[in-house]
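In the two complexes that follow, chain A is the common piece, with chain B as its partner first and chain C second.
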Partner chain A sequence: MSLMHAEQTAIRHPGDSGRLMAWVAIATLPGIITLTWHFGWGVITNILLAILMGWSLEATVMRLRRRPIVATLRDNSALVTAILLGASLPPASPWWLLLVGMIAAIIVAKHLFGGLGHNPFNPAMVGYALLLISFPVPMTQWTAPLGLLSSQAPSLSDIVFHITGLSGTTLPDTWTGATALDAFKNKPETVMASEFWATSPLPEGARTAWYSVSLAWLAGGMLLLYQRIIGWQIPAAMLGSVLLAATVLYAVDPSHHGSPLFHLLGGATLFGAFFIATDPVSAATSRRGKLFYGAGIGLLIMLIRTSGGYPDAVAFAVLLMNFTVPFIDYYTQPRAQGHSRPNHGIKPPPSSNEDRR
Partner chain B sequence: MILISTALVNNFVLVQFLGLCPFMGVSNKLESAMGMALATTFVLTLSSVASYLTFHYLLEPLGLEYLRTIAFIMVIAVVVQFTEMMVKKTSPLLYQVLGIFLPLITTNCAVLGVALLSLNRQSSFMEATLYGLGAAIGFSLVLVLFAAMRERLSAADVPRPFQGAAIAMITASLMSLAFMGFSGLVQV
Partner chain C sequence: MARHFDFPGGIHPPARKQRSAEAPLRSAPLPSRVVLPLQQHIGTPAEPCVSPGQYVRTGERIAIAQGMVSTDIHASISGWVRSIESHPVPHPSGERASCIVIDGDDKDEWQRLPVLNWRQSHHAELIERLRHAGIVGLGGATFPAQIKAAIGEHHRIDSLVVNAAECEPYITTDDVMLRTHADDVVEGARLMAHLCGAERILIGIEDDKPEAINALEASLRASGTDDDAPIALRVIATRYPSGGEKQLIKRLLNREVPSRGLPADIGVLCHNPGTLRAAVQAVREGRPMVSRVVTLTGAAVNRPGNVEARLGSLMCDLLAAAELREAEVSRLIMGGPLMGFELSHTEIPLVKASNCLIAATQDELPTAPPEQPCIRCGACETACPAGLLPQQLYWYARSHDHDKAELFNLFDCIECGACDFVCPSHIPLAQYFRAAKDEIRFRRHEALKAEHARHRFELRQARMEREAAEKEARRQARKAAIRRRSQDQGLSEDSQPTETTDNAANAVMEDDIKTLRIAQAAARAAVKKAEKALARASETGEGDIDDLEVQLATARENLRTTESRLSAAREARENAS
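Up next is the complex of A and B:
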């Protein structure tokens, strides 16, 4: 057993969090490359713009608070937030969408609470959830997986026009479409799952594209696990509960529920399990707490996916569980050697006699 | 279904924005929040039952429906008094911890809101009871979680203009954002 959890270095040794976050950024590379391969240059422009915005926003806040700018930027947390948000938005999102999301993420969710180490909610997911609620239309239009090199794919200049809004038109319909989870969610109640897949409702290659992107995130996650940047508890508990819930639902009624594999690979489940839920600041800290936290996220994802109003629920599930983290931590504090169980419950207020003394 | 709907989807605090005063007021300490949650759960359930009975067996036969707001306030005040006496006898410790907040449940807008809203839904007796219970569970859940969150925030390095109530409000708004994820879960 290592004496120091990797997860806690962000708080104990501020100098180390830069290295930690740099590893997270490196581990997103396979996912980003696969995303770009299938969905075009829009992914890269998203991420680059988000990084630029993240850095400038963070620098502005630090200037206002008269704190060292460079030292803060070097902890790389704004970089990771920007990458995560940029990768979860639809490729080639307009600049204002990214800007609103990054302001919500960096300023509201992170720096108003005191910066890295103090934010109770995952910044990238606050930005994502806010955008999803405020701008549902641009947020659910994913570009079709045409492939990077295909002739139909939008060229770089098209993308630039779309981002800046200069062209005045939106992308042609052939470029956009719903995600797999979205399409499956909106299928009519009478259509059986097998019939639904037989009609091939998605653009060609969409399922393969989504599955391979998920596997690329998994590869990045394995790197993080190998480097001991993240613990196994949260991803394992989260994926396990998603798998269990999806298997039970599929076994009970295969005609209306997606297969467990579909739930695992079809959306952002793996991305969320390794990159979002494991955020060292907003996740639970004790080992037992992490298991509860991960399992809670998995169950909420399945609950919202199967009966809620949103097709992919990773952002909301993570935020909802972030919200319970202080409570989970409070009840799963590890006991120090030789101490008895922590004394919970209602404690008497200082009695009035003591006050008079 | 009614339970889930009122506890999560239409959570009284975070989605309908009722009962914000105790939500902000009592959430400084986890322990007092838990006591308050228990007391409010009890009062909410009992008062939604009592106000249902009052409306359907007293006001309606007499044709006095327009008096319902006043009548409900009185019913709630009685229930709160009753709870206060009971807590004082059974758990003096809790009574001491809750202090002023116990009588203040009377002014909790969620309590009156539940009574009036469940009337608008034309619900049966059982439904009205469940509605009250669901609202109470939702309120307690959010209050306790928020209190734990605020204990953690008290240690955070919040910029000075945002310390205290401001950051609590921002936290509550982010929690409300997260609760939007439940929308569409149950159609009621």
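Up next is the complex of A and C:
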């Protein structure tokens, strides 16, 4: 047992688990700020509400499980889950939508499986997927990128009124607009991609808004990489496989497929690559396994986007790959020193003969 | 810098070696009383050969090695044996063990073994000397040196590696000792290479010990004859745990010690410089192992440094000599901060395994924060020098899933603590792994014990069966004798059976005899096999000889049973015809 700990010494180290999670929260700031800039205060209300709900749900469960509440909240895992779910939902989502999502994320996906470290699925994505399936209408109503300060944009009081649920489940039409991926997904089969874009199907500035948000997530991801909070394996494999699949599809049939850049920046790909897929608890373990895991997510994203029913697919792709993690883990064990080859599969080692020392 | 290879992972903890490395090697004051545990080595404890009240001189044997893996214990001061009693010894759980306590007379009168010249002595004589001088590996494992020296009889050794890496923070024993006694270490390496038949010697040392490297270079230039194995000094970049035997061999030779194997399996023998110096002193000066160099350091001592201290000195005396500020100590550690353990008090003796004592203040080595759940961040995987997945092992160790833990190569863990060091959730991973290993070993031991019991039961069954068969054979023999007697008296015609039944009975008997002859051949083969297994075990020292003897006895009983049955059947046939 080591009596010396890295974080208690002067060497460069991310610190304890709570600080690690805090860094993830900090790294979401560029993305959140850009989202707010383009899509209004609804982003902030989403996230703040989600955080409050996340903390109270976590505290409730901890009380029921008779575990220390403050120490658990300090691991910041509920905070990160709340931020990620809040940022994924359409801005100014009503409170009940957030609550259902957070209950699914914190209670069902995390604590019913044993709490932090024991959840096989990414909690935020469980919440998101549940909402997407159960409440498709409010989940696909993204606000138009009216800008934070423009006169058409809803004021903070409008938003507060809306999230209380008093104004009905749908947003006023003037506020909403499809996401770029959604619009492209619903493009009629007979329309060529170039023609489609020529009709300007999106609200003004939508594409720029989405691209800049993606780049902001990328900036946050770079911070995580620099701080060594995440490894390069999952984002690189995931983005690589998205790019590869998109390039192949685009090269074969550019008239019906989005460009690689569109797939990379148009939706939640970068957000997913740096903030969702990299959740260490539900990801594959070994470095090699992480490559397979990331590549699988990328391929599933492209498969669902082109042949599936959903315009963006990060949540489903991540959840599906979460299923495969035990399998990946068994088959990607690194070669241990003193072994000629790695152990693969679930068979016990051949004749575990008595160790000689 | 010489070319070197690499092992995966590794960490760069703060070295904190400066304070103790600056001071020159000192001699600790002669203790007035020593406490010498009977087990200071891996293997069987030695058996005391002195009685209370007896006068012993420094270097006199006070306990005799028992069995193959064991070594002698010597008085480390001259004086009177006070008692043989249970006393606390250095152990993570504060255990007590049998110790010989000697009250010193402050004269330090020596009794040495005869001086030998290793270049002219027989191997057997030198190996015997290592055993009688109580030499054990001083790198931490305390493995008796004579076994390693004799390893050339079973394995072909091509390289002797001198492990002077000393990678763990705080510890500077090898560094400081090499600065003053590099000549002895080099000669010791030549002696060991001579004994195991190594063709070359590699000295592996980390680059943070420039003075020791200079001293080694100087002594390499100055010494050696043409017949000696060539010695190469390999300076490697500092990284924990380069001083791990397997890790150093990988770095110097790019060979991997096979899983569950020994370095000897790949032609390498590894020795700590302290052991080499002790070995050469035992041969050249006839000086048994009665002292060792120990680092006394930590922020709570005023005079950190390395001292050559008599074994059995109490740690409190050693620390007092290093001017310990007792009030400031928050934890007292034997060994390094990564692989060592905490001592609950200091009234315990210095043993052959004690390489370092750290009296740390709270600021220096703060208590670990509470353990948090594993978030599988993979920091441990990046640090693991054995290429394991500690996060998975932790999962299986915690759930006592031993098969899975072994599937993830639990037994390749060297317990270096690199994973603990980097773990952001402060999980004492190495401790979990050690516990899991102990549990698995215990279960295997239990299973083995059950099997031995079964073997003993089988022996009893076989013996009873044999007795029954012999009884039956005797009965048949008596019957035959009676029949023969009556035949002689001409009464045979009356008992002549009818022709048909005779033929049928004869056929059945022939079949029986055939079956019994096959059984006899099989029993004979089983005896041969058991004999061979026993012979092999007693030659190599591996395996359980008692159990094999039981199995051999069972096989012999079975053979006698079949033999008796066969003779009984033959008599019966005779009787019938």
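Everything below uses one rule, namely that the second predicted complex is superposed on the first by the 319 of 357 C-alpha atoms of A that agree within 3 Å, B and C clash if a C-alpha of one lies under 4 Å from a C-alpha of the other, contacts with A are read in each partner's own complex, and residues count from 1 in each chain.
Operating definition for what follows: a residue touches a chain if its C-beta (ideal position, glycine included) is under 8 Å from a C-beta of that chain, and two chains touch if they have at least 3 such contacts.
Given the structure is predicted, the values throughout are model-derived calculations rather than measurements.
> Which partner does A:Pro136 reach: the first (chain B), the second (chain C), both, or neither?
neither
> Thinking of the overlay built on chain A, is A:Gly231 touched by chain B (first), by chain C (second), by both, or by neither?
After superposing on A, A:Gly231 lies in contact with chain C but is clear of chain B.
> After lining up the shared chain so the two structures overlap, which partner does A:Pro254 touch, if you call chain B first and chain C second: first, second, both or neither?
In the superposition, A:Pro254 touches no partner, neither chain B nor chain C.
> Per the contact definition in the header, classify A:Ala71: touching chain B only (first), chain C only (second), both, or neither.
In the superposition, A:Ala71 contacts chain C only.
> Once chain A of both complexes is superposed, is A:His118 in touch with chain B (first), chain C (second), both, or neither?
Both partners, chain B and chain C.
> Classify the contacts of A:Gln333 with the two partner chains as first (chain B alone), second (chain C alone), both, or neither.
The answer is second: A:Gln333 touches chain C but not chain B.
> What part of chain A is shared between its chain B contacts and its chain C contacts?
Common interface on chain A, chain B vs chain C: 115, 117-118, 346-349.
> What part of chain B is in contact with chain A in the complex they form?
Spelled out, the residues of chain B in touch with chain A are 30-31, 34-35, 93-94, 96-97, 144-145, 148-149, 151-153, 156-159, 162, 167, 170-171, 174-175, 177-186.
> Where on chain A does chain B make contact in their complex?
65, 108-109, 111-115, 117-118, 120-121, 126, 129-130, 133, 300, 303-304, 307-310, 313, 315-317, 319-320, 322-324, 326-327, 330, 345-349
> If we count contacts the way the header does, which residues on chain A are in touch with chain C in the complex?
1-11, 13-20, 71, 75, 77, 115-118, 231, 280-281, 283, 285-287, 329, 333-339, 343, 346-349, 352-357
> Quick one: in the complex, what on chain C touches chain A?
Residues 7-8, 11-14, 169, 246, 250, 256-262, 331, 333, 337-342, 365-366, 368-370, 372-379, 381, 385-389, 391-392, 403, 406-409, 411-412, 417-418, 420-426, 428, 430-431, 444 of chain C touch chain A in their complex.
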